[in-house]
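Same chain, two partners: subunit A is paired with subunit B first, then with subunit C.
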Partner chain A sequence: MLQLENMHCGYGQMKAVQGLDLIAEPKKITALLGANGAGKSSTMMCIAGHVELQGGTIQYQGIDIARQTPIQRVTAGIGIVPEGRRLFADLTVQENLIMGGYCRSKKKTGPNMERVYEIFPRIKDRRGQRAGALSGGEQQMVAIGRALMSEPELLLVDELSLGLMPKAIDICYQALNELKEQGLAIVLVEQSTQRALEVANMITVLESGRIVWAGSAEESRNSMDVIDACLGLKSSD
Partner chain B sequence: MGIYELSLAIIVCINIVLALGLNLITGYCGQISLGHAAFFGIGAYTVGVLAKAGFPSAVCIFAAILMAGFIGIIVGTASLRVRDDFLAITTMGVGFLFLGIIRQQEGLLGGEMGLSGIPTIGFDKPGFLVIAFIAVILCSALSLYIKRSWMGFAFDAVATDEDTAKLLTVDVAAYKLTAFALGTAMAGLAGGLYCYFTRFIMPDDFGFLTSISVLSMVAVGGIGSVPGVIIGTALLTLLPEMSTFLSDYKLLFYGAMLFAVMRFAPEGIAGIGTRVVQIYGRRGDAK
Partner chain C sequence: MLYLELLVQGLIYGCMYAIIAVGLTLVYGLLRILHVAHAGLFTLGAYLGLILTNATGSLFLAMVLSGTTVGLVGMAIYRFCYKPILHKPPYVALIASIGLFIAMEEIFRLLFGPYGLTYTKVPLQQTVHFFNMNLRAVDLVIVFGSISMLGVLSWLAQKTRLGIAWRATVDDPQMAESFGVSVQKVRYLNFFIGSALAAMAGIFVSLLSNMAEPTMGGVPSYKALAIIVLGGLGNVGGTLIASIILGIVEAFGTIYVGDFLDRDAIAFAFLIIILMLRPQGLFSRK
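And then the complex of A and B:
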């Protein structure tokens, strides 16, 4: 569904990612791991069209989308849950969800919102509250829900577990699994390696903008040493 | 109502239309403008020139609205490139640029001496008040309608977090320009009415101090709240009229009010009102 080949992206002179190959497929979760500054978020924003593509190709459903605007990409089915959630703090939960469905017809707002509430019953109870007054976990649920309102087929999730309590992380990962079963392709960026390895089907490890390890979930189990080393986990022991 | 009270009421109405326009830009869409008086002036001078050329008053007012809105879109494009403080400085610059142009155009726009001898709109004072009042009703209704519509949502999103709004495919640029177009068109309407009301306009009426005064009215009333802006405008227009002391130190008074609101009640009079209702509501529940 999504295929990056030898992708380079960055900010002018600053090269964030160099030569990344990445694939996302329906009913699969692709995890993108790496330390701070490895280029994970830049990759996500580049797929969404907010960071400049400096080389290579991005294909989505067989079409080169490098020249498409962010709006066209969302309309084509690429939804994004941004890092740090980025909710509209002064709007209510429901209004945040409505904003998420901006690119779809208004008639679909109702059914799509019901679908979100089915996945996250917890935020249904809080739909009238200001999003800024919610706990971190609930905010993340709203952020995922907001992305779902645009009816994505490919969901980009940036830092799912960052700053959340364990129970909220469980709920969010459960939701990801559910969405995967429903047929979505998911690209997940995580700092919490353990969590990501548990759910991912394909894993790519980045360091300073370059791939240092890539493979399937099974392969990763046999090369945990390598991955740990790549992520710098070993040296801290 | 005596002539004096009538005049005051008309000025209040004109200021409300002007403030509601700024409220659309700054309150709804979050784009700071320190050059709102320029659009007030564009409306006034459009009416002044056209009315002296003999056009009927309805045409003049309509032209004032279009002209201010059109230039508002052009100035609004600045908001696509700069944000926050920088946008404030840019719009402030537009205000000075406007004054500079007016002051130099002695032939057409009267230069420093202003435009005088503008024909009457064709109504007496009570009639004029009715027209100004209708303008207030129309602008309030439009503001309230936008607030509840899809556009109000989008404005909220742009005001809160532009980048996220973009992420959700909101066409940020289009909404910003719409806010500028509508807001400055209202300023144009206010300017047109003002010109017909005083029948003598000069550059100083539309200077930086007017921009700051309007901003104070919006901020004191409650940024983004239509009833708040109406009350704030009425208050800040009438209080200096009621006391010579306040009138002499009008700008000091506006500045003090602006400071007090920012420090003690950031949501202005509207915010205080909401809080009072909440407190009384809670007491009612307790009983």
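And then the complex of A and C:
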């Protein structure tokens, strides 16, 4: 569904990612791990069309999308849950969801919104409230719901668990698993390695913009020490 | 009775300030530019309204044509003046805007002469009895016209998909784009509406003073700039309230301190005092 080959991206002179290969497939979760500043979020924003592609290719459903605008990409089915959620804070929950479905026809807003409320009943009760006034967990649910409103086939999730209560994290991961079962391809950036390894089918570890480890979930279990080392988790030993 | 009449006077001016300042605050909210040339559009609106009223005899037609034309000119200003320099620091756009405003004033002087134009027959001068007050028809048109225009704007912003997209773009343009909003279209729409409102304000002022002249944009624009700071830059609701407050303070001020301060001096003294006390504005969220 999504295929990055030798992808370079960054901001002008600043090279964020140099030579990333990544694949996302329906009914699979691809986890992208790495320390702060490794280039994970740049990768996500590059796939969404906001960070300049400086080399390599991005293919989505067999088509090179390197020159497509963000609007074309979301219309083609690439939905994003961005780092820090970035809800429209002054808009209500319901308005945030309407915005999520802006690239689809008005008729689909109602049914899609019902679907989001089914997945996250909690935010239905809060639909009239300002998104900025919600708790972190609720905001993350709205952010996922907003992305779902665009009827994505590929979902980019940047930092699902950061700063959330464990209970909210569980709800979000449960939703992610359900969406995967329903056929979505998911790329997940996660600072909680543990959580990511539990759900991921494929794993790529980045360090300073380069791949340092990549493999399947099974392979990762046999090389946990390598992955931990890459992430700097054992640096204090 | 006097108080009520002063309140109504304040409301008339407050409404006028509101429809100038709303356009300004909308541009600031969206682009973080202090759009000084907005006042030039106000003057252009007044000239077009006056000339078209004299030519056609219909004030209403003149308002529609003037509003549309000035709206399009506002879009052109965005396209040719601001858009090419948006990636530069904000003061670059500010300087460009001030330059454009001065140029516009000089163009009006060259085209229409330095002394200003007057209506051949000023419309809406008949006296109307309204709640025991003697008002001119133009006063009522200003108040109800402004309120209904702002009402439509508010409905557009709150209840339509386009309006929601507009507010989302003000909040986070990149995210709005991520979900399919064309940020450029929102900006053009923003300039069209803001500029058309400024044109209406210009026509209202020309009706009150029976004059359109090259520098008439100066004072209202300084006031509008102070108002949008008072209202919490980019905050539309705050801007409206600040406009009405200023109008009322001016109206009462002319009675109590009018002997030694003129209307504009009162307004600026008030704005200076408030901004000294609350530099972040009356309704700032942060």
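Just so it is clear, the second predicted complex is superposed on the first by the 235 of 237 C-alpha atoms of A that agree within 3 Å, B and C clash if a C-alpha of one lies under 4 Å from a C-alpha of the other, contacts with A are read in each partner's own complex, and residues count from 1 in each chain.
As a working rule, a contact is a pair of C-beta atoms (placed from the backbone, for glycine too) under 8 Å apart; a residue touches a chain by one contact, two chains touch by 3 or more.
Given the structure is predicted, the values throughout are model-derived calculations rather than measurements.
Under the clash rule set out above, the superposition-derived model of subunit A with subunit B and subunit C contains a clash between the two partners.
Contacts of A:R221 after superposition on the shared chain: neither subunit B nor subunit C is touched. Applying the stated contact rule after C-alpha superposition, one finds that A:K27 touches neither subunit B nor subunit C. Touching of subunit A by both subunit B and subunit C, each in its own complex, is seen for residues 48, 50, 70-71, 74-75, 80, 82, 86, 88-91, 95, 98-100, 102-103, 106, 146, 150. Residues of subunit A touching subunit C in their complex: 48-50, 69-71, 74-75, 80, 82, 86, 88-91, 95-96, 98-103, 106, 146, 149-150.
On subunit B, the positions that touch subunit A within their shared complex are 150, 153-154, 156-157, 160-161, 163-171.
Per the touch definition, subunit A reaches subunit B in the complex via residues 48, 50, 70-71, 74-75, 80, 82, 86-91, 95, 98-100, 102-103, 106, 146, 150. Chain contact summary for the complex, subunit C toward subunit A: residues 161, 164-165, 167-168, 170-172, 174-182.
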